[in-house]
Structure formats: C-alpha cells, structure tokens
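Two complexes follow with chain A in common, the first pairing it with chain B and the second with chain C.
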Partner chain A sequence: MLKVVVFIKQVPDTSSKAGVNPDGTIDRARAKRMLNNFDRYALQKAIEIKRSVGAEVTCVTMGPPPAIEVLVEGLEHGADYGILLTDKRLAASDTLATAYALHKVVGYIGQVDIILTGLQTTDGDTAQVGPQIAERLDLPQISYCESLTITGKTAKARRVVEGGFQNVETAMPLLITVANSATPLGHKRFIEVAQVKEMLRTPEERARRIKSVSLDDVGADAARTGLVGSPTVVGKTWKLGEVGGSCKVFEGEAVETEVARLLESLAADSRNIAEMLHG
Partner chain B sequence: MVKNNVTVVAEQLQGDLQQITPELLGAARELAQKLGTGVSCFLLGHNVAPMAQRIIAMGADIVYLVDDLALKEYTTLPYRRAVLTILKSMADPPPIILMGSTTIGRDLAPRVAASLEVGLTADCTELDIGDYEHKGKADPHKVGTFNNILYAIRPSFGESLKARILGPWKNPQMATTRIGVMQPLPLDNSRTGRIIAVPVTFDTADFRLKVVETVRDVSKAVDITAAKVIVSGGFGVGGVDGFAVVRDLVSIFNEGVVGASRRAVDSGWIPYAHQVGQTGKTVRPELYIALGISGAIQHRVGMNNSKIIIAVNKDADAPIFKFAHYGIVGDLFQVVPVLKRELTKLAKAKSL
Partner chain C sequence: MKRIEYDVLIVGGGIAGLTAAHRLVDAAKTAGTPLRIAVVEKAKNFGAHVLSGAVSNPRSVKKLFPDYETNGFPLEGKCAESHLTLLGAQRAKDMPFAPPEMNKTGYLILSLSNVCAWMAENLVEKTKDTAVAVDLYNGFAAQDILYSGQRVTGVRVDDTGAPEQDNCYAKITIFADKGLLSRDLIEKFNLAQSNQTYAVGVKEIWETDQDFSGKVWHTLGYPLMDGNFGGGFIYGLKDKKLAIGMVAGLDSENPNLQPPQILQAMKKTPFVQQMLKGGKLARYGASIIPEAGWFAMPKELAVDGAMIAGDAAGTMDIKGFSGVDKAMESAMIAADVAFGALQKNDISKAALAAYQEALLDGWVGQELKASRYYRHAFHENKALFSDYLPVVLKGLDKGCMMSGGVKAFFSGPGGLISGGLNLLKLMGGGGSGELRLPEDRTCPKPKHNAVPLAEPEGFAKNSVYLTPDMVFYAHTHYHHGNDHIKEFDAAVCKKCIARFEAGNNPPPCVGDCTADVHSVLAKDGAKSHQMALENCVQCRTCEIVCPEKNIRVNPALHGSGPDFRGL
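Entry: the complex of A and B
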C-alpha cells in the first residue's frame, strides 16, 4: 500500500474578531486557531489517493501542543495517523529551519511514496516549506498541482503555470504542493466525525493514532532549528502608513452633481482621464 | 578586491523574456548602486543566447548563460542544477540573489536556498540596503553588526504591518519579489556588458520529472498587472450580475481590465485571475476605480501604488476613503451609469 504524508499547519484565524487587534496585528495567544485553509486541499488530495488506489495517510504538523487539534481534524477527514512535532527549541523557526525539522519527521516515518503540502500558509505565506522539504529529501516536486492520477508507482499531474497549465509525469517518491484551484473542497468527510471521536476515545487507540514527538525523537539536530538554526530574522516591523493622504470626497448631493464635481476636480488637478478613454 | 554583483535569475518562456525580468533588473540596479557593485543575470534556457543583449540593455553588466536543450522547458531539477553550477563557478557567492515570485520563482528559489542553506524571503514588495546590529541573547553565535546588508521587506500576513527580514550571516541573501512591484529601467541599447557561457553537467536524476505538454492560452489569460486602467468590483457589487456594471464602465477605457476584491472572488462572482491584493496580484495602473470595495489592508497593499485611485462606496466611513485620491459616497448602481455617461461625453469632446 502507498504511504502518503500530508503536512498541515494550525494558523491564527484572521477572519475572526478574537485576537485581532484594532490595528490589524494578531495576538496569537487570544486568536482563534484553525487549520490553514490551503492545507485542506492537500488533505483532500491525500484522501482522494486513499480512495482511488489505497494508501495509508499520515498527517504531520509542527507547532505548540494545541496544534494536535488539526491532526484530529485530519483523522476526521479520513487520515489514518497523525504526528505532532512539538519542541520548545522549534520556536522562531524560519522556512529553512521548519523544512529541516519536517524532513526529519519523514525520515522517522520511514519509506514514504508521496508527500503532500499546501501551497502556502496564511500566516507564513511563503510557499517555501514544501519545496525546501523536497530539496532536503532529494525528491522531484510538482508544485501548484491541480489534479493527480496515480498508476502503480507513477504520478501524472496537471499543474498551474502562468497563463495556462502543464501536464507532468514522475515516478515516486515525490513531493507535491497542492494549488488552491484544485478540486473544490468537498464538504463531506470520509468518515463520520462521531466515528473518529469514538475511535479516539480509548487512550490506547488515541496513542496509536496520534503521536507527539520531539526533536530528539526524530533525530533532528536542535542547532539547525528554531531561532539558532534560522538564517533569517524579522528585523523591524512597522505599520503601513496611509497613502494618498487627503482623499477628495464628494457626498450628500445629487449623483449628477457629485460626478460633475469629481470630473471638475480631476481636471483641476491635471489628472487627464479623457486620454485613457476610447476616442 | 572586486566585489561580487547583485544577481538576478531571468525568467523566459519559449524565448519570451517575462515581465518580471526587467523588474528584477531594475531592483537589482538600485541595490547595486547602494553597494557599489554591478548587476549580474543568470539566463537559462535553450536557444536563448539572443536574449542576453536585451538583458544587458535592461540593466545587467554580466550575463551568465546556460544554453542547453535540457532547459528547453522549465522543470525544477535541471534549472536548479544550472543555477547551482553557475554559483559554484564563482570564487565568492554574490551578496544578493533576486528571483520572481512567479510559479517558476516560487518553485526554484526555495530549492536553491535550501541547497545553499541560506535564507530566502518570499514575495517582497520593497528592497533596500542598510545596517543591522544583532543583539540576540538566545543565539549568541549570530551577534554582531552587519553593514550594507539586504533589507527584504514584505507585508506581514493578514496584518497591517510591514516586516523587514534580514539574513546577513551568509551570502547569498535571497529574495523573491512580487510581479508588478519593482520598477524596470528604461531600455538602453547602448549599454554594454559581458556574456559568460557556463557549461553544465546534468545528472540523470535531474530528469526524473517529464513534461508531457504545456498549454498556454494567452487569449483567455487576463493579465491585470499590465493594464493601464482597472475597474474593480468588490462585495458591494452584490453578485455576478453586478460585475456587468463593472464591465460596462471598463468598456469605455482603452486598455482597461476588470479587477476584483477577494471577497468577490471567494463568492464565486469572478475568477481568481482578477483578484487584486495580498493574495492576488499587485497592480499599479494609471487609473484604479474601486466599486463597492471597503479597502481592507490586504486589498490596499495590492493597489496603493496606482497613480489615480477613485472609490465609489455607499459607506462614508469605509477605509478606502482614507487612501483613495477621489471618492464618491453613494450607491454604485446609481453613480456608475452617470459616471459612464459623463466620461463618454468627455471622450467625444476629446475626439472632436
């Protein structure tokens, strides 16, 4: 049976009011947590593979202890196992350090045929971690993958490129980053949530399905992760300043008058819109 | 000592230099000026040698050329091999390498960075050179003062903040830049430069992935980043039908295209290719008209460099009125027809 690993991440929910300060900054301690939306597409692809050709699916996440929630969600969608890599020394990992740590988890799992990641995260937003895991593991990669067909040990995929698409083919093992233009997310879960709850009720079964591991467990060198192992740091942050400054606003009059005043104002400022119109 | 050049990886598709290339060269030139170095460019492909001179006219001093059948189509591993081979042929690594935040750049740059074990900052909207003092107690081996390093600046995700990312400890400092953000230089055909052909030995493992076919439908592809005029619709247009109003207004402009906010795209009213903003495209047209768009920070970072911004929104307190240049508070369904009529009159007057 194929072994599939899918990397999923827990991110702050910026669409919720909780934990989002008025100035737009996020208070991670108070913010609601959610599964990175891009990773749902990767998870769905993994389950599609499982349904079509049979596979053992393990979801892997790296984060603080609450991140275990996304693994439960992964199991609810039909994954078989979940692994949480959690370790204080991982804090402040940049993409290089994250990919280093995550590739060690693949080694810990053993022989793997297909690795799936989301295209990007909504908090890191780099789209780098997937390809960097592939580099560490010396695997071919298919990024921006929309659709995938598995025959034996070969993967055929369609990927997005600027202004079109590309059909590619490669033998396993490989890494795939799944585009958010892939199959729309289905709402039906592979197995019933209640069933998963039941399954995870006994401590033995829960321990068998979901593991929490440390850097030492996966044989990672702590000096290559976290703050010390990251080649980049965030130097300074600042608020985006207002642009344009004074907006000339027309309101409270008849629409005709407002439009006329807008056009007069543009002309007075030598903003020549007429030039942009069809003659 | 001769200082190594700020370096750009060019992007070409089937012999066409992609828009990002002159943008990267423009950005590299500015950084090089501050560092007192020149600009180098890696040109990879098959039968691409004729493009080298154009790249020099766009601002490069040295073009490293790998012209090989193996690079006819972009695939990750052969391109990765070519970039790493050129870098290995240099005595010292370049201080900075810039690539595009395109499907190619985002595929290739992270692999190169991981192979070199250097930092990479994604999707930058500004680049600069400056100094940095690292005082971290938690990572004592990094402590020090660093001069003339790369400031890679990007919006911090989902937040109304910009962050400056630094990686001064090891060269090259790598970054990808968003399409449409960096400014190309005017083409200067009198510029001269050197072309260095680099032979590359590929490994059979580089060809593990095969491209069966590539389909590009340029006719169908909208490119909002190149448009002179963008009329964008937001959640306020109310539905698919609302976009007819947006299209109607854009139809009177030369070189105009339809843009959209993410909420309109997420609602399924218009395809993603039209999305402006942090997770969409960055645009800087001559004229940007926002219809029924509130002006959330993630939208703003994608369009705030437009020359003229006009907003129509029925809510006088909408944030868009804080940064648009002109605004009408009103119902877009009432304002747009009048605006169109009056602009059409202007156009007629112009053609008289």
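Entry: the complex of A and C
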C-alpha cells in the first residue's frame, strides 16, 4: 500500500479578528484557530488517493500543542495517522528552519511514496516550505498540481502554469504541492467522525494513531531551527483597516433589463472610482 | 462494520437539547454509571442557528447550573429596569398599567446563541476523566427518523448510501429540534392536537455609543397598527451592545408582512433613533416562535424509544414570553426520565410517559394551562388593536396620551369595553372549551389592503438597511449544491402567485420572507416562484405561511446556513 504524508498547518482563523501585538507579530493566543485553507486541497488529494488506489495517510503538522486539533480534523476526514512536531525551540522558525525540521519528520516516518503539501499558508503566504522540503530530501516535485492520476508507482499530474496547464509524469517517491484550483476538501463522513471520537477515548489507540514528537525524537539539530536557525528578519507589521460596504439589488423587472441596469450602475461606479483616483 | 450506537441521542443542539445533555451528564456522574450520549446539530458550530430574545426567568438556569453567576455562564446582564412602552411614530411612553408578567426586573438577559456555544464547550469539559462520553456532532443534520417496528431507534445523519455508515442509533432519542424532524414523528403517530400558531421574530445586534446594559423595553404600537399580534423588544446588553427586534404573528391577514421592514420601521422612530445614534449594526437573524401553547402541544410527548422536548413540544408560553425557562425545564425532566428508564432497562412508551406526566403536573404545565387562552385573546380581539390603538398613539404623538385614550374611548365605547373585558378575561385564563386554532397558512388574504404607515420624520439612514443588506449580516454560507427548501409543484406556485397578485399582494412566501429568499420571477409574460437559497437564515416562515402546503424546509446539510453568534 502507498504511504502518503500530508503536511498541514494550524493558522489563525481568517474570519475572526486576530489582533496584532505591539511588536507587530500576530496575537495567536487571542486568535481563533483553523486548518490552513490551502492545506484542505492537499488533504483532499490524500483522501482521494486513499479511496481510489488505497493508501495509508499520515498528517504531519508543526506547532504548539493545540495544533493537534488539525490532526484530529485530518483523521475525521479520513486520514489514518497524525504526527505533531512540537518543541519550544521551534518558535519563530522561518521557511528555511521549518523545512529543515519537517524534512527530518519524513526521515522519522521512514519509507514514504508521496508527500503532499498545500500551496502556501494564509498566515505566512510564502509558498516556500513545500519545495524546500523536496530539495532537502532530493525528491522530484510537482508544484501547483491540479489533478493527479496514480498508476502503480508513477504519478501523472496536471499543473497550473501561467496562461494554461502542463502535464507531467514522474516516479515515486515525490513531493506535490496542490493548487487551490484542485478539488476542494469534501465533507466529513459521520462514520469517520464517530470512529475518531471513539478512538480519542481509548488511550492506547489514541497513542498509536496520534504521536507527538520533539526535535530530538526526529533527530533534528535544534541550532538549525527556531529563531537561531532563521535568517529571516520580520520588518514592520500594521493593520490595513477593515472592509465594509453595502449592496444594491436589482429586481422586479425581466432579467435582461436588470442586467442592463446592473451594467449601467457598475459603469457609473467605475467612473466615480477613476475620478477619485485621478482627480 | 460496527454500527454507531449511544444510550441517548439528542437531536438538536439548541437550549433544550444541550440542557438535556447536561442533565444526563450530571445524573450519570452522580450515580457513577457510564453513559454514552450523542448530540447532533445541523449548524457548523453550536449556537450558530440559535436565536432568541432573550430575557428569561432565572429559575431553570439556576436549577441546571446552581453556580451560574460564577461558573462562566455567559450572561449579557440582569434586568434592572423593565419597561412596557407604547411606541408612536414620533413619541414613546411607558404604559401606565402593565400586566405583572411583563415586569422583567431581576430576569437574565441572554444571548441564547452564546449560551448554547458555551454549554456545548462546557459539556465536553464536564465529562473529562469520567465514564460519561458525550459526542458532539455539529455540522450533521438529522434527516430521517429510524424505526424498528413502532420503536424509534435513531436518526439518519449522512447520505453515503450505506446504512451502517449513515445512521446514528440510540436506545432513547430525544427530539429537541424545534419540529424540523419531529413533525414527522408527530404525524406518524398522529400526536397533534390543535394547529400551532407561529410568530416570526427578526433581530439585530447593535454596537452602540451609549450603555444600555440591564435595561429592557417591550414595545407595543408602531409599526404594527393593524391589530396583528406582535411587538418590539430592545434589550441592553453588556459591552455597549443592544439587541433590537420585532415579532409579528403569522396568523395575520396580511400576506405581505415584510418582517425585516417592520423592524426597519421601528428603528425609524425617534425613540429608537436616539439609542442607535452613532452605533453600528453587528448581526442580523430571524427565527420562528411557536406561540399557541397548551392546546398546540402534542397529545403525547413520548413514543417507544423517543421523547419530544422544548419548542418541538410547544412548551413556549406567550404569557410573559416564557420560552427558554420552560424549554429547559422540559428537557431536564425528559433527561431525568430517560436516565431512570435506562437504569431500569425499560425504554417503552409506558416508561417514558412519566416525562409528560411530570411536565404537565409541574409548574410548566400549570402555567401553560393557566395561559391557554392568552394568545387566542389577541386573535379574537384584533379590533381592539386595529381600531383603538392607532387613535391612542395619535394622541401620544401629539404629546398627550390621555387625550388619545379619551378619543379612543368615545370613538366606540361599547366595542372598547366589551373587547377589553373579553381580552382581560381570556388573558387571565377565563375561557372555556378546547381551542382548535386555525392553520397560519389559511390566514393571509389575497385581497388584504394594508394601511400605509405614517413615516416618522428625521431618521438617520445609516440605522436603516435594505433586506439584502441585512442578510449580509446573517453571515450565511451554503455548501455547493444545497437545496434545502423543496417546492413540490411549480404549477401550484404559479396559481398562488396569480391569486395574490390579483389582490395587489405578493404571495405570502415572498411577502413574509425574512431574508430575501423568495421572489416572483417575471419572464416572457409568465410569472414563477424562485428562491435564492444562499440567503436563507432557516427561519421556516415560508413553509408555515404557504397557503398550498407546497413548500417544505428541510435541514440544510454539511453545516450550511447562517451564523447567529451573538444573537
């Protein structure tokens, strides 16, 4: 059976108002937490592989202890195992340090056929960690993957490129970053959610399915992670303000008339905006 | 594959469902017995589909959480100042005499959605390191009731097609679903007595400049001047927030109630304008209220393997707007009986019937019985409000309520006195015979001629919104392919549209919609019914007022719907 690893991350909930600390960093303690939206596409790909050709899916995340929530979420969606890499020394890791730590987790797991990651995170927005892991592991990588076909130990993928798409084919093991134009994550199934709830209540089973590991467990050098291992310097962060607006509804007439009115209104609005911008 | 089975399955994570769950956990912990409980809730998060006033008598909260003042229970405040206010287009004045049930001093001011969210979270903490297991299935809607012969064995919550994957089984199922699914149970076992009388409530949360915490107003008058039952409410919450809403009876002859616009009209009055000045709309939502009480409760509240509690059982008492406390009490009794039945290993209808007995013999039954004609009193004496109230309010707007009162009196003393006496008699419980209430759907009249409202002057536009604008503040999200409202026959809708439009009215589904879902589409000279389901706040008004019973609102799947957090 194929072994699939999905890297996922817990990020501040984009729909809640995350505060900004006086030093410019995000106030993560106050923010509500969620699974990084981009990772949902990667998780979906893993579940699709599992349901089509059969695979053992392991979700891996790095973060403080509450990040275990996204592993449980992954399991509820149908993943088999979860690994949380958590260590105080990881705090303030940039992409270089993060990719270093995460590639060590792959070594810890052992033999892996496919590594899936999201495109990027909603809190960092770098899109660098996936490709960096592939480089560190010296694996072929398919970035911006939209659709995927698995035959034996070969992966055929369609990837998004500027102005179109590209079909590529490579042998496993490999790393794939999944584009957000791929299939969105499906809904959880009742049976899987119920089984995960039961599993969480059984300590031995829980320990077997969800593992929490430290830098030492995965054999990573602490000096290459965290703030000391991160050459990136964060400059200034500031709040851009809030979005608001009001909507106008066109109704009561035939659709054609309403569309004409809508277009007229949009044209008027764009004239106003143009005037506003160019005086 | 092993089937998923619990001791107790609770359908609906509203105040009744979560109260039952808490009570069961408490009972099992005290007795030291293991117990497996599941709660299925259609909303993505607990509380997201819960909307209520809410100013509640503290008795039930105190019974369930004796330490509610210190245990983190989310209170919005305690009522320190209670008003029953006559609202005119220009002025407002407290009524010189108010029925005692309208004095809310000392009552709890709640955001029921916040309460439910807290109760769900607290429930999980409560069971840590105990033999009691509570599994919360938010985002899973109960879609069908499962039976084994005549015994309820659970509900279907998923649709993969494999029964062992989709079904949630239980020894006892408690329906606390506001009727969304339990109506099927009531129909199957023929449990209905009278029809239910519903009202629709629309509500907004405002962040205001001024602090109104602890203050409660119930308003009568503007803009509901046509004799239809209803009124407004304004509750001051903590953190400079204000809950403001309007409730209108659906047993109205007017097929074009436009509930959101009624609320907008109320907000235009100077009395409300001065409260909202400088404020900001935070959230909008709508919900229905089963108001009929005693006569509309199901004949039996238990069948083999199942019980019905809260609004699903019609425990709301319109006298004093006592809904939350009675729903909680019914759920606590249901939970106690369910726990006892499990201990004795007897889940038959006969064993569960002790629930109904205890509920009706207790204060819930006594109060509901005493007020059994209360709502009907208003239905029967509509003229009192349509003929006399506007005259009184006109006097009030001119600066003297007394003069209005005197004028109203002499405009028809006979009707006022006999109507008034009849109203008071019925409100006090002095009626006789069983009531058979009309179905709300039979009330709207195609030719109803609504009296145009006198518009208050000088209102600030920023506190008044279009319905589509307000719907934005309900934060609705639906999954791809959602079709939770079923229209059975398009031809029936076409005829209904023609009938109502001939009377210069929209059909009731359009006229009474709270979220701009229903509309009439004109195309190629033909008119048809269409729905913008992505707006829906799941109040179910359309189903209740559809004259042809041509609409059914099913629970939306995959956690779809509005987000009422804070309402």
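One rule holds in what follows: the second predicted complex is superposed on the first by the 220 of 279 C-alpha atoms of A that agree within 3 Å, B and C clash if a C-alpha of one lies under 4 Å from a C-alpha of the other, contacts with A are read in each partner's own complex, and residues count from 1 in each chain.
Following the convention adopted for this analysis, a residue touches a chain if its C-beta (ideal position, glycine included) is under 8 Å from a C-beta of that chain, and two chains touch if they have at least 3 such contacts.
Keep in mind the model is a prediction, meaning the values are calculated, not measured.
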Open item on the list: Touch test for A:16: chain B only (first), chain C only (second), both, or neither?
Closed with: neither
Task: chain A: partner with more touched residues, chain B or chain C - done: B
Task: Partner chain(s) touched by A:251 [first = chain B, second = chain C, both, neither] - done: both
Open item on the list: Touch test for A:193: chain B only (first), chain C only (second), both, or neither?
Closed with: second
Open item on the list: Just checking: does A:154 make contact with chain B only, chain C only, both, or neither of them? Give me first, second, both or neither.
Closed with: neither
TODO: Considering only touches as defined above, state whether A:144 meets chain B (first), chain C (second), both or neither.
DONE: first
Task: On chain A, the residue positions that both chain B and chain C contact, one per complex - done: 247, 249, 251, 255
Open item on the list: For a test of understanding, state which residues of chain A touch chain B in their complex under the given definition.
Closed with: 12, 14, 23-26, 94-96, 99, 122-132, 134-136, 138, 140-144, 156, 159-171, 174, 181, 227-228, 230-240, 242-244, 247-252, 255-256, 258-260, 262-263, 265-266, 271, 273-279
- [ ] Would you pull the chain C residues touching chain A in the complex into a rising list?
- [x] 1, 4, 133, 135, 137, 139-140, 157-158, 160, 164-166, 168, 465-466, 468-469, 472, 479, 516, 519, 521-523, 557-558
- [ ] Spell out the residues on chain B that touch chain A in their complex, using ranges where they run on.
- [x] 13, 18, 75-77, 102-104, 106-107, 109-111, 113-115, 117-123, 132, 134, 136, 138-139, 141-142, 151, 155-167, 169-170, 205, 208-218, 221, 223, 228-229, 252-256, 272, 279, 286-287, 297, 300-301, 304, 308-311, 316, 321-330, 334-335, 338-339, 342-344, 346-347, 349-351
Open item on the list: Touching residues of chain A toward chain C in the complex: what are they?
Closed with: 187-191, 193-194, 197, 201, 246-247, 249, 251, 253-255
